[in-house]
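Just so it is clear, A, B, C and D label the chains in written order, and each chain counts residues from 1 on its own.
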Amino acid sequence: MDFSVSDSTREMLDKAQAFVDDRLIPLEPEVMGRDWPDIEPQLNELRAEVKKMGMWAPNLPAEVGGMGLSLMDLALLSEVMGQTPFGHFSFGAQAPDAGNMELLLEFGTEDQKERFLKPLAAGEIRSCFSMTDKNTAGSNPTLLKATAVRDGDEYVINGHKWFTSSYDGSAFTVVMAVTNPEAEKHLRASMIIVPSDQDGVEFVRNAPVMGHPGSGWFSHAELKYHDVRVPAANMLGPEGQGFLLAQKRLGPGRIHHCMRWLGICKRAQKLLCRRALEREVADGQMLADQQAVQFWIAENAAEIEAARSMVLKAAWTGDTYGFKAARNEIGMIKYFVAGVLQRVVDRALQAHGALGMTDDTVLAWYYREERAARIYDGPDEVHKRTVARHELGRAMASG
Amino acid sequence: MDFSVSDSTREMLDKAQAFVDDRLIPLEPEVMGRDWPDIEPQLNELRAEVKKMGMWAPNLPAEVGGMGLSLMDLALLSEVMGQTPFGHFSFGAQAPDAGNMELLLEFGTEDQKERFLKPLAAGEIRSCFSMTDKNTAGSNPTLLKATAVRDGDEYVINGHKWFTSSYDGSAFTVVMAVTNPEAEKHLRASMIIVPSDQDGVEFVRNAPVMGHPGSGWFSHAELKYHDVRVPAANMLGPEGQGFLLAQKRLGPGRIHHCMRWLGICKRAQKLLCRRALEREVADGQMLADQQAVQFWIAENAAEIEAARSMVLKAAWTGDTYGFKAARNEIGMIKYFVAGVLQRVVDRALQAHGALGMTDDTVLAWYYREERAARIYDGPDEVHKRTVARHELGRAMASG
Amino acid sequence: MDFSVSDSTREMLDKAQAFVDDRLIPLEPEVMGRDWPDIEPQLNELRAEVKKMGMWAPNLPAEVGGMGLSLMDLALLSEVMGQTPFGHFSFGAQAPDAGNMELLLEFGTEDQKERFLKPLAAGEIRSCFSMTDKNTAGSNPTLLKATAVRDGDEYVINGHKWFTSSYDGSAFTVVMAVTNPEAEKHLRASMIIVPSDQDGVEFVRNAPVMGHPGSGWFSHAELKYHDVRVPAANMLGPEGQGFLLAQKRLGPGRIHHCMRWLGICKRAQKLLCRRALEREVADGQMLADQQAVQFWIAENAAEIEAARSMVLKAAWTGDTYGFKAARNEIGMIKYFVAGVLQRVVDRALQAHGALGMTDDTVLAWYYREERAARIYDGPDEVHKRTVARHELGRAMASG
Amino acid sequence: MDFSVSDSTREMLDKAQAFVDDRLIPLEPEVMGRDWPDIEPQLNELRAEVKKMGMWAPNLPAEVGGMGLSLMDLALLSEVMGQTPFGHFSFGAQAPDAGNMELLLEFGTEDQKERFLKPLAAGEIRSCFSMTDKNTAGSNPTLLKATAVRDGDEYVINGHKWFTSSYDGSAFTVVMAVTNPEAEKHLRASMIIVPSDQDGVEFVRNAPVMGHPGSGWFSHAELKYHDVRVPAANMLGPEGQGFLLAQKRLGPGRIHHCMRWLGICKRAQKLLCRRALEREVADGQMLADQQAVQFWIAENAAEIEAARSMVLKAAWTGDTYGFKAARNEIGMIKYFVAGVLQRVVDRALQAHGALGMTDDTVLAWYYREERAARIYDGPDEVHKRTVARHELGRAMASG
């Protein structure tokens, strides 16, 4: 067993950390809480800096302009980028584009790569992923209602979706729709690329999430598809394989989410420690002298260390034996780390008192926005059931 | 022992509940998330309806136009009003005005009552309470930095405050400032009434809380006081008694907060149950059929029942033996019920999945705004210390 | 609403508390951990003292030699007796005899009352309750396997039971067995009185519970019934009504269990506070000065207060509207208070360090023995499901 | 990073696992709960088998008859041995002997090694460690009261100790006593080897722990030292270095404790899964079909995986950079894994219902005995404080 990080990886991480500390975090007060059109130019300048540093698109292979990292190195970098809300965006590794790029890379036709992947990888356009039906349990893919019916050389799409994150300002949308209603449950749906401004795509609204409709990349659209027609060549991957592609998309994604959350945890812990060291609570007594605060710090530290170790192990399993082998570990990290995230941020917020409720620190932002961590990409409940089945299966097998 | 509620109280509560259900809750989608000036007219119409119903100002005695309720009845009503974010406002019982009215009623001069209490009680003006210094631990009143220096017939106030909630649009502010710096720790500060537009009061900003600066009644101002001069007659209560008055203000207030939180819990539980009954998660299987969801419902129910019973007991102790006798019980309910509130709302949100993150239900609002319950009016940590001392004192006394 | 306790009740409770403090607690080191035959004489002397004090059999009406208390007064007394492991036994209110007496009182024939209730109420004999089948989920009564077949004037009983608590040394056993296998699920079983030494009753062992087989009253027998014949007149209550009787037996019993647990909590909290006041952890610094310990005390205090208030409310509902009306409240207190018990004892144990692991305090005893509180009389999981159904039903009814 | 286990290590672990499964676990019902003299012969036979297998004394280097394992391999083996209460004893790696052997190996004189280490390493004698004063906070070593005064060629020891585990039947005791009362706090005490039957050593009792005084290796003696004289040559390590030696003894020991606890967790999880698969709770419905039980399994799995990953990382840090570098990680695992242990065992017990309370499974044993995990070798509270200081120090250093 070896937990060391190579010198070259360490160097890469240090460079990213310095960028996060020196360029991104100081910008937070300026960009957070503002509309996307107002901050996009500034973020684009940061992206230009990242490109110059040679750290653009860490999730992509070198041949399409990325850093060509192993999954482990990408995971470690995700932790660094996660320490600030616009970290991933600045490095060109933000959801939902990152997942779409990975799909296009693996399953896209040459034409799709040229038209969609290339500008996306260059950061020239944005994309989105339109999966969750309105009024249908997203945790159960077999309930999917949106349909895409083949009509000659086209598909005709109808449906009502929401949480199509980042639709606002995007160039195209990967839509999940039922193409094969008679097929076996998991082989009914397909992914189809739809230009975001295609006729029949109705933008209902950006759903207000935690008090904000948001805008641009930071938004979650509700969309209606009314007889939206796209060429059959826009099918991404084989017909009926939508769920399988989605699983492929989500597997590594969960590892990077978890490491991003751990970046948030590190940031929260750092803020908590600094607050404890600087805040006087009585004559000569600092917050850091209070045992309750010390215990929060110690509980955070241990939970972060435990979560981080297990995520790295899952990344190693994926790197070494493939994601199918890592499936159970990935299920576990999803709910375990999301729980750690919620508790760590909550403790840090409490230690800040009234200040913690304000947007004068980044904690309130993480507190409300990242509540979703226990919900998106499969809620806790779904992953727990899956892990339990795996454990029970092993117990049965071992007699 | 008798846990029954009299018929007349029951009737009063039913009337209020019907108003909440029929008039206030349906309005939520329209008023939540909008600016104060846009919704004030609508809320004022509701207030007029409440007045017609004879339920205006439930926290005030009949002689100043209120309902003249016992503390217990007011607590029970607070639970009803708490089920919607604008409940207390609609009945004229909203913080911070309610506390200010209670202070003016008990400690105000005739002149102060005429000029400040009367229009406040009538709902014609709004007020605020300017206590928390910026950059000073509000949990330790002896660290207070704002000053009010007597100069002839005037006080000259200097300081930097924040979380002066509802300053925006208010007529006057009750300011807490050190008047007697040499006195014993708890006798240093006084309360002084300051017209909100007085010269020298600098409105720095409405502090952004959980993503929103807010406006009007729903805002939390940061203010600087630069040599603000007010007549000495604006002193509220005796000089040096500021903290004692604050304690008097907060004691009953904590009971009503707790009952308001329990109103929120009831609402959250109701939303959770309905969601569970309506949401299909698989063919023919509803969310309500899932054991994990059943357990959330059962844990909510038990925690709410426990919290409610103890709050009512504290109210009874206050009614019967006075608030000093109820002090320890009030300390306990403050952190216990705030904890229940956080857990109950969190479970309800989780049960709603992605919908829970949006403002399409009231849960996201309660989730982010009421995180403050564990902080305002004394954070958990302060009340726990006080209760522990009390328990240890009793143990010492009993040998 | 009125949370006061009448003077006469207060006097009764004070008398009992003094007896617990002065006579029972000092005896703990002598009696705990020893065999039943060695301690029974001492306990019988204590029982004689209780009889002289006029406090014998608090759960029985005056006409059969009891105190004739209301359910509320009995609940309050149960809390006092619960503060020491042999409290209920000393007052003649111990399980399983108390429940059996209540059954005999309500459903026994005159002959049964004469032969079984009378000596039991006098404390001359002990009894037991043989319900739980070995290897069958006790939480689901419809799985019951033991049978009683009518043969002329007799029932012939066969079965394999365990957790027949206090069988060792008992005079009779109330056996639950299926008499009507074809009836509707809840009408299949009956209760039958079986002399403990009847032919065919095989004493397999006292099951070792938490390291101890125990003996006498403090034991849990595993029994096999091999064609055990008893007169048909030994049927307790109507044939097929076993489960209904069991529910009647358990309803009030759960309230008294909960109050007993709260007595344990009070004892644990007292021990924790004293330990905190007496234990030096550094020069001049006591355990009580540590914030973590203060928080344990405060959390205990609040949880106890909340739990106690809700149990008293459930008792009042039962007293006022009958136990059917109190059913949901009783369900909630069962799991809520059992959880409080576990946490409170755990915190007190931790505060005692290594001493907490030893039997030099009563905490280790409560820690291990009362772990069963979350299991007996229906595990948490069963009560949570029932409460959830009730809440969902209400939500459905209210539209 | 590399989480793989070498083939030779895997083979070694598999051999040990087979021995645990085939030889040790089946013996549990026979040996648990019985007196030491009755079971020692059987355990000695098992030890002979282990020696034949070449797996004796895994914590010792090959030159003194051990397996010569790295710390990582020993940690992994500790997890296997931990799955049954007599695992470590059977392999000759049990506390307190293991720690004493490590001390003698590193600090013992040649004579001490010959007389004490050699027979101990061969499993011919047993030893104990007499550190914790009665009535003094063991968590604060500077409060130590026992003294050893130099008198010519001898030390004269006086003191009152308890939790001298395994004294009963031991050949010698390593006693911690103050030799240099005037020295700097951490340089006051020394370790001295005392023959267990030396004149003046008064065996007060085996302290009853969780209901059992125990006997032999499985006991915790209370001892008084009355002017006990031993040769100065019995000093272990340099005078005044007792605490430093103790830290050396405890550091690796904590890693092995944690892995032992994880062995317990694995066992508990296995028992829980099997129970879930075998227990019918309704017609055709198994415990494993209940979502609450699935969630317990999933939470156990994730907590075990997280805990295990972090412990292995701490072991790697110790192996690679030395124990000083691993200190903070070791502090974290101590309280984190002890917490996991308590929760995992508790869930498994609950899933077993009444059976879980009995000694018919090993769960009740682990539940009560291993409650001590949060107390021995430094309670949670001490380690949390240390970790918090480390985190705060890092935050201060990083500005």
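Throughout what follows, contacts are C-beta pairs under 8 Å (C-beta built on N, C-alpha and C of every residue); 3 or more make two chains touch, one makes a residue touch a chain.
In UniProt terms, the chains line up like this: A, B, C, D = Acyl-CoA dehydrogenase family protein.
Here the structure is a predicted model, which means the values were calculated and not measured.
A.B. asks: Can you name the chains that touch chain B as well as chain C?
C.D. replies: Neighbours common to chain B and chain C are A, D.
A.B. asks: Report which of C-D and A-C is connected by more C-beta pairs in contact.
C.D. replies: C-D
A.B. asks: Mind checking the centre-to-centre distance between chain A and chain D? Centres are C-alpha means, answer in whole Å.
C.D. replies: 42
A.B. asks: So how far apart, in whole Å, are chain C and chain D when each is placed at the average of its C-alpha atoms?
C.D. replies: Each chain's C-alpha centroid was found; their separation is 37 Å.
A.B. asks: Find the geometric centre of each of chain A and chain C from their Cα atoms only, then give the gap between the two centres in Å, rounded to an integer.
C.D. replies: Using C-alpha averages as centres, the distance is 52 Å.
A.B. asks: Scan chain C for residues touching two or more other chains and write them down.
C.D. replies: 290-292, 295, 381
A.B. asks: Which stretch or stretches of chain C touch chain D in the complex?
C.D. replies: Contacts found on chain C: 33, 132, 137-140, 142-143, 162-163, 207-212, 220, 279-282, 290, 292, 349-350, 353-354, 356-360, 364-365, 367-368, 371-372, 374-376, 379-381.
A.B. asks: Mind listing the chain B positions that touch chain D in their complex?
C.D. replies: Per the touch definition, chain B meets chain D at residues 290-292, 295.
A.B. asks: Would you mind writing out the residues of chain D in touch with chain A in their complex?
C.D. replies: Counting only chain D, the residues touching chain A are 1-5, 72, 269-270, 273-274, 276-277, 288, 291, 293-295, 297-303, 305-307, 309-310, 312-313, 316-317, 320, 329, 332-333, 335-336, 381, 383-385, 387-389, 391-392, 394-396, 398.
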